[in-house]
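In the two complexes that follow, chain A is the common piece, with chain B as its partner first and chain C second.
Right, the complex of A and B next:
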């Protein structure tokens, strides 16, 4: 069931009505679980096995870990007198190994399922490049949203091991956390500590919450159907015939893809969070005006935020403070000097994070290179920081409005360039196409009507442009006022209702769906 | 609006906003749907034909079913003027056999004719053919189980029932191609036929058709033959005479082998089957003057001749009322005749002025 399918819309409408009208407050989570499993079942019944195994593994090892840790603590407390500090330390170290073993088993099984389903053919394909007799690919299904729910259960297992959350003793409730359907399609990646309380005890039906959720769903559909799915038609033509569309067209690809990806992804997240909100569940935000970022680091703090914090919390920090890294840090400071030495472990951790980010995004080399290119750019900008500071001090540009606009534009162009890897899906071709912008001078072709041969007519460009201006103005409002435009509108209820009706009508009429349109799936579906 | 605890004014305000919002949404969708659906008022008018039936007030003793071979070839006014036959052609472009069956079912919800005449050309199609032709036939049907079943039987790959239930989902992208006609005909449609007959007065003599291609299999498809059987059963259940005809036009080809199968069906079911291709001379057709598109369809002169011929057959063989003698029906037919004459005169005037029709047919297509 795609978010944009009529079945899904009917599914949500019926669920919401039943949920609020007939189900007692304390049993609402049960209906959410049934709905989530049904959502998965209708996608493919086999997916239920995968998500069931992942949830069960995380659930069991979490309880084992928590019970074991409790016993350890109780034992230590009960035998306080018989332990001196040395023996206490030794006892803790010995028993911690068991706890770590539980964690390791949970991670191996769940990450193993992810790796086996998603990356087996990628590995085979890579091996085949060196073999004369190619290995045959494995016919394996990739369960919908496996990267998202696996990351959720992994964070849960680690949090349990760290003792930052309490283990869920009710398997069905834990299964709901793993399978909560609105976020299965494209995230966000929720943490147990953030989601569990609101999921098991959702807010009762309340006008403001429900209305804001509803308009957010409409806003998501507007972005997805009116902009993203319209632009994808032109993008496809440009990207699938690279020999024909070089030079200035690559810049057009950059711009179109930046708009398309943003509207597709944020549109999907708006639908997700909006649905959860109408059901009384609060899901974490995943975007915070990323295209207003002044540097790439800030951009990644604002784009797909739950993924970024996940990699920071569960890869970067643990790696940075791991005994091996600490030893390496010490060694490099001694041998390479303090200035370089202190950077080594940070860079290695950062490298690992971006490598993992690239791989997480897809089983293909262009994703890996994309991840590493992000690493290179971030590291370069970090290294150039002192130079920037000197420059700013000398000319005093920093803080000036025009300079801020320049920084925003610079970051936007840089990120849009990196996204070309995702567009062309071939590392060599991406470099070639990017290079063609600088040696193929065909800007005049953009104005000779060739853009009307991409599958988009004048009307389409007008609709997409006006819709993008609306998206920009709504984003600008948030940037300037610090709150969402819909919240402001809600204070003027008639205006709010009018906007909701206009959004609905605009989406129905101007949406790129149905016969004649190849409505693309949400881009993050595949993750 | 100030909130007062326990006071219901705020609630009234909120509920009013919600109710008005829902009403505005429904009204907006309804209006936009009206605006965006094709009106078929100029050029390709076939999509407007099926719906016109529901505006026809007079009783119809003869119902013609079929594709362009009936709605362009038989003048319903000539049938009335010459024989007093009150008839209606429930036909549309490339109307498939099952669509004719469900249109018959639909017709029986309103009236029971004495005779149903089915043109057999569509029997050659055993599968749904094209969405645009489906739409022309099905969109105009009034909602009933017959329409639902007709849609289910007709949908091509990629079509969805929901798009028929809410046509805005199918036609929403027409915002880009709306014409003046769309705005002019949001709430009212002009008449495009006279009791289902589509008039053309221009002349383009019959040309040579490409030679017929041999077929790998001449068996008429099972599906269409099943629906033919169902049409026969439906007529028998309702005490209606069922007549099969093949219109007198030569192209698209009507193979001998197909003809034999239809004749066999007719014989085994004891119903008449008349292939008018063999009777072109008796009808008096002169294909240098009686066709407007090189022999594919008849023009007004041809349609009146064919109506005269088939009308004579109908009054001789069936006990039909002479509605010229029924004042209340005759009054209604007078309006039809007036429209018929006006249409003919208007077309002739254009022909006299331009040498071709500009407000009808291909020249009138707007997009």
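Right, the complex of A and C next:
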């Protein structure tokens, strides 16, 4: 059931009506669970087995861990006097091993399922490049949203082990956390501590919340159907015939893909958060105006934020502060000097994070290279920071409006270049096409009508351009005023209603469907 | 506490760590800084800060970080 299908819209409308009109407040979570399982069932009934096993594994090991840790604490408390500081430490260290074993089992099973379903054929494909007799691929299903829900359960298992959240004792409630349908398609990656309370005790129906959720859904559909699904037509032509479209066309690919990916992903997230909001559930934001970032680090703090913080909290930090890394840090500072030595462990951890980020995005080498290129750019900008500081001190550009605009443009172009890996889906081809921008001088071709041969007519370019200007103005409003335009509009109710109607009409009239168009799956759905 | 301030000043000499209470909220310290601090603290105070303690509340001010170090030393 695609988010953009009529089926889904009817599903949501019926669910929302039943949810608010007939279900008591304390039983609403039950209906959400039924709806989530139904959503998954209609996608493919076999998916239910996978998500069920993942949820059950995390659920069982969480309870085992929590119960065991409680017993340890109780024992320590009851026998306080018989322990001195040294024996207390020893007891804690010995018993912590059992707790870690539970965590390890939960992670091995759940990450194992993810690895087996998503990466088996990638490994076979990689092995085949060295073999004369290729191994045959396995026919394996990849459950929808497996990367998202697996990461949610992994964070839950680790949080339980750290003692930062309490284990959920009701399996059905935990299954709802794992399978909450709006975010199954493309995230955000929610943490149990953030989502559970609002999921099990949603806000009662209230005009402001409901209206803001509704207009956000419309806004998401507008971005997805009017912009993203329109631009994808031109993009496909450009990317699928790279020999024909080199040089300046690659720059067009960069611009189109930056707009298309942004509208596709943020549009999907708007629909997700909007649906949750109309149901009284608060889901974490996943974007914060990423294209206004002044450097790549800031960009990654604003784009797909729940994924970024997940990798920071569950890979970067644990790895960086592990005893082995701390020893390495000490050694490298002693032998390589303080300045270089203290960077070694940070860079190793950062490398691991970006390698994992690349692999998480997809089972293909271009994703791995994309991740590592991000690592290289972040490290380079980190190393160049003192140089930038000197430059800023000398010329005093920092803080000037034109310089801020330059920084934003520079970051946008840099990130759009890296996204080419995702467009061409072939490492060698991506480098070749990127290089062609500097040696194939065909800018004139862009103005001889060739852009009208990509499957988009003049009307499409006008519609997409006007829609993008609207998206830009709405983003600019948030940047300047610090709040969403829809919140301002709600204070002027007639204007709010007018805008909602306009959005609906614009999406219905100008949405990219019908002959020549096909409302496509969300890009992040494949992850 | 003076030694801790010294560690922090090494990272950002332009910040008043004695008074600032929004080091994370205002994005003055990033994840790279935090890892450097943990490593320095481990060296100089012989205190290992575990990953679960790497949360904004513990790093928003020098005082909060000092309180964390003291708590871990007692443990």
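By definition in this document, the second predicted complex is superposed on the first by the 525 of 527 C-alpha atoms of A that agree within 3 Å, B and C clash if a C-alpha of one lies under 4 Å from a C-alpha of the other, contacts with A are read in each partner's own complex, and residues count from 1 in each chain.
Just so it is clear, a contact is a pair of C-beta atoms (placed from the backbone, for glycine too) under 8 Å apart; a residue touches a chain by one contact, two chains touch by 3 or more.
The shown structure was predicted, so the numbers you read here are calculated from the model rather than taken from an experiment.
Annotation: superposed three-chain arrangement on chain A; chain B versus chain C shows no clash, the two fitting side by side. Contact with chain B, but none with chain C, is seen for A:207 once the two complexes are overlaid on the shared chain.
Legend: residue contacts after superposition of the two complexes on their common chain; A:6 is shown touching chain B, with no touch to chain C.
Figure note: vertex chain A, arms to chain B and chain C, all at CA centres after fitting on chain A; angle 160 degrees, rounded to a multiple of 10. With both structures placed on the common chain, the touch criterion links A:505 to chain B but leaves chain C unconnected. In the superposition on chain A, contact of A:459 is made with chain B only, not with chain C. When the two complexes are overlaid on their common chain A, residue A:493 makes contact with chain B while staying clear of chain C. When the two complexes are laid on top of each other via chain A, the two nearest Cα atoms from chain B and chain C are 36 angstrom apart. Chain A residues in contact with chain B (one complex) as well as with chain C (other complex) do not exist.
Residues 27, 30-32, 34-36, 38-40, 42-43, 48-52, 54 of chain C are the ones touching chain A in the complex. By the touch rule above, chain B contacts chain A in their complex via residues 1, 13-14, 17-18, 20-21, 24-25, 28-29, 32, 36, 131, 158-160, 162-163, 168-170, 172-173, 175-176.
Contact residues on chain A toward chain B in their complex (touch as defined above): 6, 207, 457, 459-460, 493-494, 496-498, 500-501, 504-505, 508-517.
Residue ranges of chain A in contact with chain C, taken from their complex: 162-164, 297, 301, 312-313, 316-318, 320-321, 323, 326, 329-330, 333, 342, 345-346, 349-350, 382.
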